[in-house]
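Please see the structure below; I have some questions.
Labels run A, B, C and D following the written order; every chain starts at residue 1.
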Amino acid sequence: MNDTQVARPLMRLITHVPGVTWVLLMLILVFSSLSGNFLRAGNLANIGEQSVVLLLLALPMTFVIMTEGIDMSMGAVLSLTSVVLASTLVATGSIALALSAAVLIGLAFGVFNGGLASWLKLPPFIVTLGTMGVAQGLALVATDGDSIIVGTQLTRLYTTQFLFLSLPMWLAILSYGAFHVLLQRTRFGTYVCAIGGNRDALTLAGVSAGTYHVAVYALSGAMAGMAALVLTARLSAGHPSAGIGMEFDAIAATIVGGTSFERGKGWLLGTLLGVVAVGVLRNGLNLLNVQSAVQVSCIGLLVIAALLFDGLKDRA
Amino acid sequence: MREPPLLELRGISKTFPGVKALDDVSFSVYPGEVHMLLGENGAGKSTLMKVLCGAYKADLGQFFHHGKQVQIDSTAAARELGIAVIFQEFSLVPYLNVAQNIFLGREPSGYLPGTIDLKRMHVQARRILDQLGLSLDTHTLVHSLGVAQQQMVEIAKALSQKARILVMDEPTAALSDRECERLFSTIRQLQADGVAIIYISHRMAEVFSMGDRITVLRDGRRMASLMTGDATPDQLVQLMVGRSVDMSYARNFCAEPGELLLDVRNMSASNGVHGVSLKVRVGEIVGLAGLVGSGRTEVARAIFGADRVTAGEIWVCATRFAGGPEQAREAGMALIPEGRKTQGVALTRTVSENLGLASLPKTFPNHLFDPRKARQIAQALIQRLRIATPSPERNVQVLSGGNQQKVVIGKWLQAGSRLFIFDEPTRGVDVGAKAEIFALLDRLVAQGASVLMISSELSEIVHVCDRSYVMKDGTIVGHLQRAELTEERVMHLAVGQGSI
Amino acid sequence: MLKPTSQAKFIFATLAALTLPMAAHADGERIAVFTKNQTNPFFQYVRLGAESAASQMNAKIQHYVPTKPDSIPEQISQVEDVVVKRPDAVVFIPVDNKAMVSSVQKMNAAGIPVVNVTDRIESGQIVSFVGADDFSLGLETGRFMLKAMGGKGNVVIIEGVKAALSSTNRVRGFRKALEEFPQVKVLASQPGNNQRLQALQVMDNLLQTHPQIDGVFGTNDAMATGVIEALDAANRKALVVGINGTKEAVDAVKAGKMLATGDYGSFLQGCFGTMSAIRYLRKMPVEANVVFPASLITKANIAAFDVPAEKLVCPKWESLIATK
Amino acid sequence: MSYDANLMKARLGNLMGPAFYRVLAAAALCVALALVNDAFLSTNNLLNVLRQASLLFLLASGLTLVILTGGLDLSVGANVGLSACVAGTVMQSTGSIGLGIVSGLLCGTAVGLVNAALVTVLRLPPFIATYGMLWALHGVTYAYMAGATVHGFPPAFRTLGSGYLLGVPVPIYLMTILLGVGTFLAQRTTFGQEIYAIGTNPEVARLSGVPVRRRLFFAYAASGVMAGLASLVYLARLNSAEGDIGEGLTLPAIAAVLVGGASLFGGSGTLAGTLIGALILTLVLNGMNLLTIHANWQPLVTGVVLIAAVLIDNIASRRTESRA
């Protein structure tokens, strides 16, 4: 058994590098060689800003999946919270108030999901599928399908530059940092891993696994509220269907990044890479003006290719 | 008389829907005492442990700590009293590292609330591992460790709790004799420090070498508590099973083995074993001894086709064998794997489904499945192997370890296998069932089958096998005939001092 | 990981990107055309119109279509990417008339002229708007059907996607028409989400509760044809109208299964949208606001519309002025 | 309890699976609807509900097999989309029903084989591999249809979806046959036994000599075939196909299987259960239409019912466990 050496941080990094890393490198290579615009600072900023919302969703999704769960309601909750945020902003004119309202609503949905999944032991997939419908419905009821325009103040916030980066970028960076610390250096992170890996062990250690399990979903809901801020600012409007289907992108980015549905195996950096890879691909294909139908297929191929790399690595 | 016991349980009762798991059990343990807890699987040992560590709440009964009454209604309360448990089903988290596992739930806090002081955690973990003489890196993810190492981590975890009362459930089940020795010395050390130890075991040797006092449970009741000095093995067994069991596993060894059944020639496999050659003849029980991690399980898997063979040849009944488990089954091989719950039986399927699984093509050649027939077959096997199950439609989950093992064996009997590869057939199996299983082995070979048996318990190898191969570092380092088969020689070869 | 065809596209695209200078010029302008999705025939006709116009005036078209149908975030990203690529002009169908305002402003800021087509953007500077009036389309189609019903009877409405402006306005138009016919009763207004199957099953279900349905108003042709299937399967008769004037609707009208379909002039929208963009670049006069009068496709005038897609060609710019 | 009683119970369990309490849920739903709307209990409406459920069931049945093995196939909807478009276009261009049907089935099967290869040969995690396929297939479909719609098929073909036989819609017969064959396959063949074993613990199955990968391969291939078959029925029912015909079919199908009592971890679930699931989902839609619930509320209601269905079952079954 010389697995022992394998686990030294550096070695661990190398063996853990998911296929997406290589795919990402290839994409960057191809696009930068084919399109003069690709590596322009402006365009890189584009890719960054286009990836922020997805990252804010994919980070908590990674945690959820590490607990052997899934949150299908994320996209719908994102839409709902963006509507809530927009209407509160219009009503009160206070961004802080609007944001907290959105985060609270998201939190509520998260707690509901977590409660059913953890305490009642219902299958998360179907539960969150249900809450997805609920959130969608509420968003429609609240807006009657119309979008809610918000004032310029949010847009101004969105475009504010600070140390060469726009605020959304900073939000993304901070969130990633926060989640990294959360996973590596806090009880919460350790227990997230344990819930998926061996829930009984956690309970026997006197930790109330249920509470942490719910907290994971709550976090995912709250982050959806956070993402709503960026999304709404981006649209300068709240829209009842703006976030539809985003949960799948988040899941894909997470899995492609090397996180697994089993035994609490998760890798946060992989998730980041996954998110960026999707952003780079879409942006590059647009720059090269690849026909949209082909773009659609490319996204599928990206996912499969990344997994293939992993497969080869495992076999080697 | 000595000071009041460190912990005393009086009249503990615990009932689950249907079963009375514990019935008025009283039990006490003194500082510096090793109190052996014996009993067949299902006798109530594990329930008692769960009550001790607060995982279950007793319906009736009182607890006394240093003579004054206390409540143990939660794992937290138990830890308050300094009670720590080493479970047999590992309570480890695969994708956390060794240190994180050792301190799970008790991580040293960092500056900010909720944060962990990683440095301190790893330092402390290191200290405990050194104490156990383990060279493990504390950053290793547990899933990449072998069973034995995981068991040691499990023990380290318990030690780290500065426990005053340490409960161990078959701690040596997965350990090689050498590792056992290290564990025993640690235990003696703890004893000297006045730690009270409750030790569950099926191995008589341990019971007598380690134990100060012995308590025997049967059917949730306490049969007896006696000092080790006053006890004899037969007496204990009788107390456990309620009948006397022959412990010598005496069998009429096979005088002139039949034709060559399995012939492995210089085999190497993807799982790391290399240059393995061994022969098994009809009517033989051949041992495959060696330390845990010496590659015995890997050899078994390679022969059975579960792992890829990269070089060499396997011949079964004079025909070249190649391919996977499916072909192995066709060739009349059977694998009774080490990890019974994960590889042997499908826990959430019924006894009859499990019994039928390996013989579907044989029993239903036209692919049409007939539940009634499957049921009759299951019934027959249940009677033949004396499998204790309320009905064939019960999930295997509810069966005791020994009976689950019988289900695995029955599965292959039904498949009409001739060559049985047993990997640790008696792990976590109680004395009664153990004897039955060996009797079964004897019957098998008598009826013209043959057996390749892996075991970490040298006594088993020595008592049961006609001859034995010894492995070290992924290859075979020795071959002992019946006459030369002694625990010492096996050990010598296994640890690589001198060869024969 | 890409198919050879798309690799070829790479090379072509890069050549284009390298050879073409940034400034506008009399010939070969690059026009970026934004449509909502790849699945709705309507936008296919817009794209065809744009290409036909471009080939007439030899400009180059680049299409931008969200990979997720009608995805707002995606269209926003595409606009950002286009701003990087700097085409000479943009023909823009916003997936949402409010949420896309910021994107239009981005293009304004980048100095890229924008011609707004189909859905009128809430604010932001545009060279011109080319489109049809959903409200009056709903009104006219509705009126036509209600007249045909003899001004009395029961009708049901199959709504499109809730979040889409066009559907809402068409329904509003239809309800306006209803005011003129007080004896007509609306039995139900249910969502078909522009999906054929949903519309069909909704109709199936409505047919159960309502023994007498005389007219059905579908806010687009796909749903209207779905409704017709449902009626056929149940051997029930009712007058059905849709809107958009797609190929299948035209066929249905010809076959007498559909009463009429509102002509959305999708092809023309593509034509004149693109023409306006190019003319603007070439400093030629353009109409600030081109709204096609709501016209219907019925058995009476069917011949004029029964033309295969590949045969369609843009009319001259002047003909547009004539229609006004 | 006597052995035979045990056997009976086991048999019943096999047929109903853990979905028993969902049957009650479905029944409760029916009663409620019957009380509030008298049209509900009419034979016509019940047949109508069954026909709509059968479409969903066709898709869900193949999926059930995959989920039983502990896998998942997210590409079924996209597969239906592509297969329908292929079948439709082939039928139009060749005018031959047979060719159309064959091409549709072949297309579905081909996709199924690709999925099977990805999961068993390349050993990719099913959830995400089939998600990749979903995108790939959408892309191919969009490119293939280029926004066009193919419609108008021979009546003989359309009976497959909208025809009646002895007053009962044809799809219902298909559903019944499928249910029978599938249940037989699952309960009365060694294949079924092996599938359940694989779903429960693939390693145990493998070490018992079960050809795990061959069985998995078959499961995904079968799911593809079923998608192909379903596509034909959809096509016949809709009498037309466009690029987005497959959109939004997958989640309802998965929901049907899970509401039907199957577990995503594999090893538990039955076709009968899936049928119940499909019925519950269809009843909700039917009920909402009959009661003409406002469009905005419909997703919400569906969501609530989904959760309620699993909740009821969960609580009820827990109660029985504690009694046993």
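Methods note: contacts are C-beta pairs under 8 Å (C-beta built on N, C-alpha and C of every residue); 3 or more make two chains touch, one makes a residue touch a chain.
All figures in this text were calculated on a predicted structure; none of them were measured in a lab.
Using the contact threshold fixed earlier, the set of chains in contact with both chain A and chain B is D. Interface comparison, A-C versus C-D: the higher count of C-beta contacts falls to A-C.
Look at the CA centroids: the one farthest from the centroid of chain C belongs to B. Rounded to whole angstrom, the centroid-to-centroid distance between chain A and chain C, based on C-alpha atoms, equals 34 Å. Once the centre of each chain is set as its mean CA position, chain B and chain C turn out to be 71 Å apart. Chain centres here are Cα averages; for chain C and chain D they lie 34 Å apart.
Here the CA centre of chain B is 44 Å from the CA centre of chain D. Looking at chain A, residues 140, 144-145, 291-299, 301-302 sit in touch with two or more other chains.
Each of residues 38, 67, 162 in chain C touches at least two other chains.
Multi-chain contact residues, meaning those touching two or more other chains, occur in chain D at positions 135, 138-139, 142, 146, 295-296, 298.
The chain pairs satisfying the stated touch condition come to A-B, A-C, A-D, B-D, C-D.
Residue ranges of chain D in contact with chain B, taken from their complex: 3, 6-7, 9-11, 187-194, 196-197, 200-201, 203-211, 267-268, 322-324.
If you check the complex, the residues on chain B that touch chain A are 53, 55, 74-76, 79, 85, 87, 89-97, 100, 104-107, 110, 114-116, 118, 136-137, 139-141, 143-146, 149, 293. By the touch criterion stated above, chain A contacts chain D in their complex at residues 116, 120-123, 125-127, 129-138, 140-141, 144-145, 248, 251-252, 255-256, 260-261, 291-304, 307-308, 311, 314. Here chain B touches chain D in the complex through residues 17-18, 304, 306, 324-326, 328-330, 335, 337, 342-350, 353, 356-358, 360-361, 364, 367-372, 375, 391, 393, 411, 415, going by the rule given at the top.
Residues of chain C touching chain A in their complex: 1-3, 5-6, 9-11, 13-14, 16-18, 38, 62-68, 70-74, 76-78, 80-82, 84-85, 96, 98-102, 122, 161-164, 168.
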